[in-house]
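Common to both upcoming complexes is subunit A, partnered first by subunit B, then by subunit C.
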Partner chain A sequence: MSFSLAVLIPLFLVLFFNLPFYRISGKIAVFIASLFCIVQAFSFFLPVNATCPAVQNLVSYFMLDFQCDGISRLMLLTSAIVAFASILVLYAMEDSDRKQFNFVNLILLSLAGMNGLFFVRDIFSVYVFIEVIAATSYILIAINKDKNALEASFKYLVMSSVATVMMLSSIAILFLVAGGTDFVTVSNMYQQYGGNSLVTAAVVLFIVGLFIKGGVMPFHGWLPDSYLAAPAPVSVYLAGMVTKTTGIYTLIRLFYSVFGFNTAIQSILLIFASISIVLGAFAAINQNNFKRMLAYSSISQVGYIVLGFGAGTTFGVAAAIFHLFNHSVFKSLLFVNSAALEKQVNVSDMSEMGGLASKMPVTSTTSVIAFLSTAGIPPLSGFWSKLMIILALWTADLKVYAVIAILASILTMTYFLIMQKKVFFGRLKEGFENVKEAPLAITFVSILLCAITVVVGLLFPFVLNGLINSAVSF
Partner chain B sequence: MNILLNVFIIIPLLAGVLLYFLPSKYNIVKIIMFLAAVSVNSFFSVFFYGREILFNSHLLFRLDLYFRYYGLNSFMMIVLGAAALLAAVYAVASMKKEKNTFMFYAFMLLALSFANGVLLTDNFIVLLLFWEALMIPMFGMIAAGKDKPVWTALKTLIISSVADLCLMFGVMLICAVGGSFMISQTNVDISQPGAVFAFIMMFIGAAAKAGAMPFHSWIPDASVKAPLPFMVFMVTAVEKVLSIYLLIRIVKDLFVIEIGSDISIYAMIFGVITLLVANMFAVYQKDFKKMLSYASIGQAGYMIVAVASLSVFGMVAALFHMTAHIVYKTCLFFVAGNIEKAEGSTEISGVKSNLRQTMPYTFMSFVLAGAAFAGVPFFFAFFSKEMIYASALSVNWAFYVCLSIGSLLSAVAILNWGIKLFYSKPKEKIIQEKEVPVFMFIPTIISALACLMFGIFNKVPHTLVSNVIGQVENEHSVIITVILISVSVLVLILAFINNVYTCKKRNDGLGFIAAALDKIKIDKLNENIKFDPYEIFIKAVTKFSNAMFNIDKGLNYFYDVTVPGSVNFVSESVKKAHTGNISVYLLWVILGIIFIFIIF
Partner chain C sequence: MDSIYIHIILLALIIISSIFAVSYARVIRGAIILGIVSMLVSISLFLLSCPLAGIFELSVCSGLITVIFISVISLTLPPDEKQRKVNSVSMMKKMVLLVLLVLVCGFSLYMLDSKNITFVPLMQNVQESIDTRDNIWNLRHVDLIGQALILLTGLFAVVVLFKKDKNKDKK
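Coming up: the complex of A and B.
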């Protein structure tokens, strides 16, 4: 039961921060929160069942059906990394103590919801935790209260509500049929009444809800706007973790543990994934805004994850989980880079930048590595996960989709090369002579994430055995 | 290491390499070394004659690479050695002041070494190695010409390599079919699968070495551009010797073919076409050396016909004719070289003086060698030609007719040039010209006298050749012999009348056969170099590369314009679809749900 701590500690931290009559400063909150992230990250390496009786007694007051498997642990690590990155970017970007404090509180709340989502084994609890994350996300996006942010937040709210309605009605139907909402009950029911049209409708509604949350095309309308309008640290957190967790992780969890695959579900996953990959990449090519381009790239990469998952084999699930991890790392890295640019250059239009590689060597180098990893260039981590996805599709005899995945890599290359050329390469544009490298916190995060990308790529055999194979044995 | 290997391969090779790298202050040493190496080679080729030696060289990595010295190749090596000696003496005398003289010497020694290697080896792979290695000296010797004719050398290289490719392929096949790399252990029945193809490929490769059509076109070019000793040594001696040696090996040892089988007929037709076309071209040439080179190609046709008749008699005839041809063609090339030295050119327009008076020895040599060339009775080539006629006649009379026509043409050509070179009236005042240096006309005269001597004492070469190939069982009847001789004489008389007629009526020296040749428009074919397969090939390659370039341009257009354009278009449309209007986004959601329900 000790993994309940991952939910309880952030909750207690938020309570502790907001004790009446005594409020700690933002800096201390940032420090404590990042410390928590580090501890959470290291808890990945602890044995699963290490428990201490005192903690057990404490946790047993909360009647939560928590279970831990390899996927949960991997996601725990990922969320810790991304949250850590986001908090450090916040520290570098926001000067106001108040904002830092608010932000840390919200992120800890969100983290509590997220960690709960990883361990929970009950579809209604899944819904609850998704809503916790979503509620904090609305506020996080609009935290600066400017017009665009509010509009984006509103869009996210509206779309999310649609998703919520769908998921809730789906859960209602499933509860109606199964008489319970825990995974085992629902799973047993589904095996029995899988062909029933009502149950099918419930499943479809759940899928659509998750697609909206995950930003799969064509349910992605809210996503580019919110990524763009959100403040830099929020973008990092949102792109790196929130959509991937609420949408894609839940999708994987439900179909891996509860519903299982059938051809219709598989074809839905594959078709929408392909649409996301191709159209997301196409949309990214012509974007002029750095963050918007990254947003569409994110949609495209989410497509890859769903595509690998849609192969329907455990190998495919492993590939999807691995790509999810990699994508979280390198997309966070790219958003950290965008934050660096935002802070140092204060221009969001890519065509106005140019030649920044000489002025911001760390940012440009790490962004090159991140984009190479995204495009799937060996030996970086993105190459291996993409290779696994393609292999999974190929071995599952879904060769058309494998070919689409390969060809779309060219588009990925294209938009990232355009980005690199516009922003970092070429001649230095006028007015940028005095640009300096980003502050230490941001460069530190960049280098850390970049190192993860490189090391995971280079040590892929160990990663495959230690990390992925333990998460999903195939 | 066997002494044969040392004498025939290693010594010329080392001498050649040493000669190439010695500094120029040792020029005298170099010349002595060059002559000594060639002389040693010739001496030992005679010295060892008559022995049969099979030895393992352990040349490479202790592999069993056998070399075999026996009748056929020992005779070939005598011929080669003699030609090399004559050419070497002539080269030393004539090329004194030219730039690349020593490069030429070095490459000539290399060529001698490699040619001996081809003759001696008993292993197909080693044979191919030496055969291909000959390309290097060939290129070098042509490129050592006055104006560094690298393009001619390249042309030679390309044409030869195509032919060699055929040979390589044939060797590969015969090794596969026969199951052995040893030449002396290979004896493949032509009816075995793949054997016919192997035969054709090897035959083409070997015949092309002698300059058979369509692999001939580098020879006339080289005759103008390359140093003259190259024409004597390489084109006349080495190429013919190797070609005939391999042809005889192919039909005699490597394959078992019945006399008169289809493939033999086709091979003979191949030879006949070569000899007719080449002789027609020869008639029309405006340059003496070019005429000689075309005639050389034509003579190769005779030899191919004789070998392809598959009879022992034919092979004896071919070998005999090869020897005769080397002797008289060497002499004629020397004559050409002498004239070039005196007049500066061997073209018709270049001859200014009455050479009969200024160069009596050269004139005398020309008469003797020309007589042998035309096939005048009691000269060297007369007997060999008669033998070839007989072997052709024994297969089909049509071949005989074609051969006779070929002989008529070559007789006309040589008579025509004799008149033009030595009997034309001087166009300018006689400049007091001298005979060429003594070392240039000594080889000329020796080869000229050989034409006569071996003609009169024709038993000597005939016996030698017969010893090598095997005794001819059935001599032809007296009647046939009489017919053959009388027809040959008739041909000569016709040629003579033709030229007399020419003196009166026409200027081009072609007489009444010109009318016949004009009808075939052979001159236009020749002059526009339309018939040169190399040029045709190069043109085709150029066209092909242009076409490829255009395709590439098209592809570039596709990659540079079409693809980015369409990507941009799709991208723009997707971008425009994202209006930021939330109702549109909700509409997409609804459409998506409908789509999902359609799938289910």
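Coming up: the complex of A and C.
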């Protein structure tokens, strides 16, 4: 599949959905968007240049200046999986046809921005596509227009605007010094002036901007409120993909393809990652709200990705990218389970729940698998990516950070065990006698994401060779 | 086109519009004037043979800023007269803050070792193709797709956040 199609198809779909003389229904929009996600996911398994001549001729009119490597393709697969999960949760949760229609349009716009971000090789274009994703996220969070959603969206908008100003200032300085904004020009400039304090300040500004977008501690203020106030399908999409793409993927891409590593930058990444892992985990332990606990868990897990990447080696980059993929899958799964609880029980306070495993066996089982994977228990996918992160740190002689990563896994285990005990185990709380398993669309997504977590873990040697090694050669 | 008077007139217009943009109490008017400022800055950059910078200015301000303003305005209620009086900042204070900001930025840039950099001129191919259309379509066409996506998002922001729910109204 040509890379341009990954951006142009969702754009044209939105235009097609909104033709002035005919408006399709929300359900058809859901179906078409889901189909697009499936095609996008399967495109990962095709050779890079595989396309039929007719399509090639058509696409040549719109050929965009994109480049694709293994990381881009892996991200394309991840975004397709998460968007698919989010759309199916929407189908199950939202009755209003108009809302389904609006949501699908915004998801497609966001997906187009995301796919563009995976393929661009220019720092200004990176900024443009990050803003596409951010702008759609503001609207998606506020889509229900209730007070909490509007407040969370506004908070995200303000924090995101600060990040935008930082990134734009950084781009302006880099453009001023390099004379261009494409990756090669900026990279050449950085090799010459990497030690200059003006250039370093520009890079640090960019990093802080990306930390805000990625919700890394202590720049995470907007994140728990946004995840909590957003409608369930939006939470799945935000937690699974948006913060990982705008913040963490971009960070990895810029340092992997443009700036490279130096000791100062590496220290910044490692320190903030460690803070995020430990404080995020402690904050998660203290939460009583299911979604808020998952939000803090996300902050902690994002710290792991940055920590692996901060090892500064190609193996560290591979570990970070693998954990990003795994985290997107199992965090989406946990948010899908949260949507199931919201739909069936309509309570988000964990102290008010209990004994739901007997009433919602699929949700309970998939939740156990997701949290075991998050905590890094073998043979699930999360175990392998965490092991890779720890090995990357150990071999880079960053043993203290490796120990922090291991110890924080115990904290992860703690807060998920508390959650599982409060929500699913024990005696059934009064009033929940008539609770039933979540609708088919939600359980289907749960089983699918759970299967990915298990299969990726069990087939790790094949995944390492076929998926990770092709993304980052180490 | 290279007449010095054009640059002076443009600069004067930029300064006057900027002052109007920050001094209007109504955000919508401020946003519109800010759009005009960025348009003037873009023209100025094109005339100064910095087409890429001009395109960046147009990209950021015509697309993104518009969407952000729409989002902000849709997420906030207009203040009443009492709140407006409490929140109002005098013109003098605004100007002092502006001067202070410029000084801090200038000083920071000076202190940050910028004198040790041999600033690289624009790439040869960009300098040779000063034609704006050529630059926009050939050099920055990827950004145009991004702009189209942002503008569509802006439209959806209006539809989703501003449009009243008919069923709710009936109830």
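Annotations for the structure displayed:
As a convention for this text, the second predicted complex is superposed on the first by the 459 of 474 C-alpha atoms of A that agree within 3 Å, B and C clash if a C-alpha of one lies under 4 Å from a C-alpha of the other, contacts with A are read in each partner's own complex, and residues count from 1 in each chain.
As a convention for this text, a contact is a pair of C-beta atoms (placed from the backbone, for glycine too) under 8 Å apart; a residue touches a chain by one contact, two chains touch by 3 or more.
Computed from a predicted structure; not experimentally measured.
Legend: residue contacts after superposition of the two complexes on their common chain; A:F211 is shown touching subunit B, with no touch to subunit C.
When the shared chain is aligned, subunit B comes close enough to touch A:P224, but subunit C does not. Look at A:M159: by the touch rule set out above, it reaches subunit B but stays clear of subunit C. With both complexes superposed, C is the one of subunit B and subunit C in contact with more subunit A residues.
When the two structures are aligned on the shared chain, A:I268 is found in touch with subunit B, with no touch to subunit C. Of the two partner chains placed by superposition, only subunit C is touched by A:Y193; subunit B is not. Applying the stated contact rule after C-alpha superposition, one finds that A:Q287 touches subunit B and leaves subunit C untouched.
Once chain A of one complex is fitted onto chain A of the other, the partner contacts of A:T136 are limited to subunit C, with no touch recorded for subunit B. Across the two superposed structures, the residue set of subunit A contacted by subunit B and also by subunit C is 154. Those residues of subunit C whose C-beta lies close enough to touch subunit A in the complex are 52-53, 56, 59-60, 64, 67-68, 71-72, 74-76, 109, 112-114, 116-117, 119-123, 126, 141-143, 145-150, 152-154, 156-157, 159-161.
Per the touch definition, subunit B reaches subunit A in the complex via residues 567-568, 570-572, 574-575, 578, 580, 582, 584-586, 588-589, 591-593, 596-597, 599-600. Across the complex, subunit B is touched by residues 154-155, 158-159, 162, 200, 204, 207-208, 211-212, 218-219, 221-222, 224-225, 264, 267-268, 271-272, 279, 282-287, 411, 414 of subunit A.
Partner subunit C is touched in their complex by these residues of subunit A: 7-8, 11, 14-15, 64-66, 102, 105-106, 109, 112-113, 116, 120, 122, 124-125, 128-129, 131-132, 135-136, 138-139, 142-143, 145, 150, 153-154, 157, 161, 164, 168, 175-181, 185, 189, 193, 196-199, 201.
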